[in-house]
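Input: structures, listed below.
What follows is a pair of complexes built around chain A, which joins chain B in one and chain C in the other.
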Partner chain A sequence: MENCACNTCDAATKKLYEKAKSERIDTIWDRALAMQPQCGFGEMGLCCTNCSMGPCRIVKISEDGPKAGICGATEDTITSRNFARAVAAGAAAHSDHGRDIALALYHAGDKTRIRNEEKLFKIAGEWGITVEGKDTVQIAREMAERALGEFGKVFGKLQFLQRAPEKRIKLWDELGVAPGAIDREIVEVLHSTHMGCDADYRNIIRQAIRAALSDGWGGSMIGTELSDVLFGTPMPKKVEANLGVLKKECVNIVVHGHDPTLSEAIVLASRDPELLELARKQGAEGINVVGMCCTGNEIAMRQGIPMAGDFFQQELAIVTGAVEAMIVDVQCIMPSLATVAKCYHTKLITTSPKAKIPGAIHIEFNEQKSLEIARRIVKDAVMNFKNRKVEVFIPDDKSEGRIGYSFEAIIKALDRVTNSFAHPSGTVKPLVDAIKSGVLRGAAAIVGCNNHRQPHNTCHVTLAKELLKRDIIVVTTGCGAHACIKAGLMDKDARKYCGKGLATVCELLDIPPVLHMGSCVDISRILVLLSEVAKYMGVDISDLPVAAAAPEWMSEKAQSIGLYAVASGVYVILGVPPAVTGSENVTGYLTKGLESVLGGRFEIENDPVEAAAKIAAHVENRRKRLGI
Partner chain B sequence: MVKILFEKDKCLGCKTCELACAAAHSKTRSLLGAIKEKKVPRIRIKVKNGKLRAEQCTLCSSPRCIEVCPVGALNRSKSGIIKVNTLLCTMCGLCQEACPFGAIVLSDYPTVCDRCIEMDEPFCAKACPTRALEVKAV
Partner chain C sequence: MTLFDIIFTGSRQALEAAKATVAAAVEKKGSDARVAFPETAYSLPTIYAATGKKIGSLGELRDALSIVESLIVPEQNLEKALNAGLATALSAEIIEACKYAVEEKPYSEPCAGFISDAVIRSLGVPLVTGDIPGVAVVLGEAPSAEEAAKIIKGYQNKGLLVFLVGKIIDQAIEGKVKMGLELRVIPLGYDVTSVIHVVTVAIRAALIFGAVPPGNLEELLKYTKERVPAFVNALGSLSGLVVSAGAGAIALGFPVITDQDVQEVPHYLIVQKDYDKIVPTSLEARGIKIKITEVPIPVGFAAAFEGERVRKED
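What follows is the complex of A and B.
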């Protein structure tokens, strides 16, 4: 085991891990190995550090160990509080991303910086913003103000909740989980999990659900929708993926993180003729911008920029020795990058006031001067080309796929098979027909991160293949999307993995069997799709033959996503157990109890083959219930 | 002799024993003191070949560390623990290599578990929240 820490199904990753090893550079796999054993108390969620009487740990393993914290908090209270705080942190990260996008829209100032008027008008209509007599910038500003209001409004509920099916909205109201203002829901979790507040694990989870819903149907959805307004709604396009997209002869710039405002500006700057000329003067053939993690997803979907790699590949990109600059903003950026970058010529550039890294160069980004700053950063990268130190090694592994399946793009694909004489176009009817007839058994979302507890990419890919075989269409986002495109599952060729029904659907619609729907905030696109299908069928989301899985998840954001999916009625399989296993009650509530309340629930299953079987069983069960 | 038995089924890998050990050997008997004085723990919870194990001197019957020391700096005391004569020790590290239990770490001089002989009970066992370390007098 010690000799082969890097457990992955991705060839490029393996090769670069070996290079890192030979150059004595520690990467995520080495650190994970050195961390063993990991503390069982933390793993089970049984350690409480919420007040300074602690840390308190519940000892279940021996009879005479403490069974309550110093304040008397039980294992149920402690695990549920820890879980709720993780959900709140996840909801905060997503939502704050959404807020930044809304601020960017507010400061857009110029019509040319709002690339998608159609969507602007659509959302304006939805939110009841009058457009008559106003110019685009004015409408955008009003919309941004309304969106920013969602974070702190005093009364009322989130506007995007109205997108859910009627039954769901009613259920949320009855249960008292319909979120009001995003910031407030997150604050309330922090308040109620403070020492000496809420001790009832069901009530704590109820509060966590409100925070999670304020992410999925709030912050994330604002992030996605307003990004579309600013930068365009993603439409299908071909891109290349994996570390093989780096080019030896070019200035390589990796943009990494989450917020598209930075990466879009970098892409624009990299096409500046002046900078291209400068690159040529430095001996490079051009400027090659590639994306990593969710930023990779964002600019691949909108600009066709190659997807360099997922969360676990960020250090390896630098290890190629071919990266002039890695430009990062927020979330999922390993602090280790600064150390790895020091071994090469790579400049690590942080840009967000919310995420500085010791050892990195900090060039603060701001939306008003975006292009100016982006030009400066790209210039720095270009001037760094001649400083390459070691021999460059770029693995030749890359694959191709069709990505960019936003909700709007899926509707457009469905319109291909809509008989426009008999039925209106622009609906989900063809999809519903395919599901009803059984050609498609159902749909599943594979989302989430990378985690050393699971073999890298293997779980995403195995699960996807197992589902395709069973005629279950797959949608994916985040690092799951990176895994799938690298494995060739977004290629036309991937039809060979499909059952007959799904293969036919893919052929008729001219789509790959695994649909790339975006970054992790874009899971809100999946919510919209589910919602539209449910509304069309006149049922609730929990009645649909659908499921979700996060086979390699690791972040707090993933816990928020998981919970808002469950609270929206989805059956969610987690490949890694959340830190609640120390309490049978809390674990039981999340994996069984919630279903009778919300129609969705968690399932913990680390084996992707088993997970696929469970999803298939769930899908068939829902089909039976629908009588289809 | 004081034996410390490690029940791996009870161990949760929290490493409280390691912290307690380092603290016990600091001047102020505190964690902060241990960090300041760069005290290393004389017990380490590790995963080797996928198995959990505690690296700690077992007070074995024929200590290899004593055998290999070229200057005779290591010897066994009456209570069974290994003592290091820091005047003789040249910090060569042969004892560390020789110990089959990985019990010795060179932190300037070799550090070996002394069973907290100056205290009433080994701190590691006292600190273990799951009672995975059991002290037995033999």
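What follows is the complex of A and C.
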């Protein structure tokens, strides 16, 4: 498979890439190729377009090129500003997602639409919302209002920061990076990176850190927590993954994007007997909803809906010729989908006023009429079944795995090894014991996207396997999770990749060695887990033998995630360098300097085998420091 | 020291002790002297099951030391720690074998020492039927004879087979625990190494009833883990040697429950400081469910008493 231009380790991807080629359809890989060579100034972050005196660029390769922008901004200023803006954009994407979930909760209206009252009450308790004498809907509404307040409140710090270990909270306060209102932090980055504002790269990164923290401990966490309240907290379940989950005889609907409000409604609508009957009348055997990217993760985690594929597979899903409708909302939706869909019968349906695509059908979704709109969309898909044009080709590649590992589900799994006469239940103690005793050496998160600069999925999968054999348990989200499940790493059988310690843990807990914790906003679940472990051990997150990696990252969201992880004390390996390499100072600050400030830092390493070795070394170093 | 380091150190100590014991035995009897446990067809059962090799002489026993050595690789992971635990078991067997090579009758009342094949065969059926729901290995020293008796009788009452190692034997006697094979309480010996005599019970069960081929360590460990419902209670202060022997038990799939402060290992190494809870903690840890409902009469009433003749005057 190495010789394939699409450079993937996934068989379905390769087959469909070849089908696309033969049908002369350009996909991400072809466009990436056409883009070569990419601009070195941009790659290194040395290009600034922040005002109309620019664009300016700093020339590094020769002595006589400009060393400052027209305004005098240096390479340090320009690269850090670019980076900060990327982080702000990422934080904005996650946060806006979180806000939409809060709005959905606000409009939930009746009790049946709140599927997890227990969590509602739990968060209410945490936030000091009194529940006595109020009904569920009232509490939900109050919570939603409070959550919405987090985006723009005038005073105070973010609610969820309280979940962090005490030492971390203190450190943030001392450094002045504890975020206030989410939107405020994002705006502040945009302000201070405006021409003629902040020129001090350290200070610019400090602002970016506040914005990033307002994502991880704000927007993303609100998104996750309130999604659980609305749609239920994920619990372990089996799902199928990869493009082989499309069904030739069924109406195939791919939901793609991020917000579960839409995808959950589509899932519900697809089970409507009337629509099922309609599908049968059209000659289909049923309606097959499958998920892509993060919204795919959301409905897989909660409903067991098959995970059709990751970021790089979105065009290929359409290339099967079997997709009646691809329904998208926001984020990571390639505009090229419209072009690809045109070659088939597939209807590309955009639903968010925040993300329209020329050439797509736009059916605007709103939380208040969610089911009604979802029904209409599903009906459109059903009626499109008979319009299939080309010969359908669905690769027979799919794999199965156990997913649904929310923080709550992990605690529940851990309870399996507590002894009811000797231990408390409902705590992270067994995990802490496994780590302290050395049975598990540590834990690592593999998150992030796909990127043509890295062989598709290979980096996720290789890194995971390398960690497993070293008894480092892996948690994953986002497209990393798609890669891992496709490679069979969420199957029981994956124990064969594990060292004895991890294999034993998997057997005792009845879990796979790679735990799917959800979508990209669900990285907040990892923060919660880390916090609980740190608190249990009486240490800070930066003391834990843990690490994170985004081996194939591409989005601005990933940069925000990376930075809030670092700011939370985590060692983060990036498989693709961010566009800061034009400044040695900024690169050095992110990859070294930050550690003495925050306890976490970035590392740039594109080779997954090397990355695993570095993570293992970091984990052992932390163990030594802890004396375990 | 990390838990694994304690294990590695203990295993090294056991190996050194084994080396010294073998050297002394060779010194005394010569390397051709015969080595055998009484009434067994399985030579030195642990070494035989693990390697497929039968040991006949002290010279061969000396050669076996290198196998033990090779199992001690002080890398920080569970696999190596468990291997080191197995190494300790092998060292213990070597030391115990030397006792039998050097002395005519190394064990005497009340201690049983090596358990014969015949006894194991007789235990096979009740183990399979669940009439013996589990095997408790109690080693070390309880805080008092009273506590010791309470724990031992707790198991005896439920029909478990109990092996005693160390000072707990005297405590059991003091606590008026009725002992003997038919009462399912068997004192093995006072040295830690005599714990191997219960290990070989499990191992021979795998060879005899499980038809595990000698030399297939993986299958052996699978059998003991899945089929021999044993666990260990390590009471009183824990030396590195005991901890590494505990790792050996864990390698066989047997959880260790202790009253001491150690780093717990989920499921396998459990701290229970409340002596009244040691029995239920242990049974739960090994997943042992008692078939017979306990009858609350003053005399322990269970299968363990089946073999006891009730004398008229009682």
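We adopt the following convention: the second predicted complex is superposed on the first by the 624 of 628 C-alpha atoms of A that agree within 3 Å, B and C clash if a C-alpha of one lies under 4 Å from a C-alpha of the other, contacts with A are read in each partner's own complex, and residues count from 1 in each chain.
Just so we're on the same page, contacts are C-beta pairs under 8 Å (C-beta built on N, C-alpha and C of every residue); 3 or more make two chains touch, one makes a residue touch a chain.
Model, not experiment: these values are computed from the prediction.
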Combined model on chain A where chain B meets chain C, clash or fit: fit
Greater residue coverage of chain A in the superposed arrangement, chain B or chain C: C
First (chain B), second (chain C), both or neither touched by A:38: first
Which of chain B and chain C A:505 touches, first, second, both or neither: second
Which superposed partner A:24 touches (first chain B, second chain C, both, neither): neither
Touching partner for A:437 - first (chain B), second (chain C), both, neither: second
Partner chain in contact with A:64 - chain B first, chain C second, else both or neither: first
Angle, in degrees and to the nearest 10, that opens at chain A between the C-alpha centres of chain B and chain C: 130
Per-pair minimum CA distance [chain C against chain B, superposed on A] in Å: 43
Overlap of chain C and chain B interfaces on chain A (superposed complexes): none
Contact set on chain A toward chain B in their complex: 1-2, 36-43, 57, 59, 61-62, 64-66
List of chain A residues in touch with chain C within their complex: 414, 417-423, 430, 433-434, 436-439, 441, 470-471, 499-501, 504-505, 508, 620, 623, 627-628
Of all residues in chain C, those that touch chain A in their complex: 2-4, 76-79, 81-82, 257, 263-267, 269-272, 277, 280-281, 284-285
Residue numbers on chain B that touch chain A, as the complex places them: 10-15, 45-47, 49-50, 52, 129-131
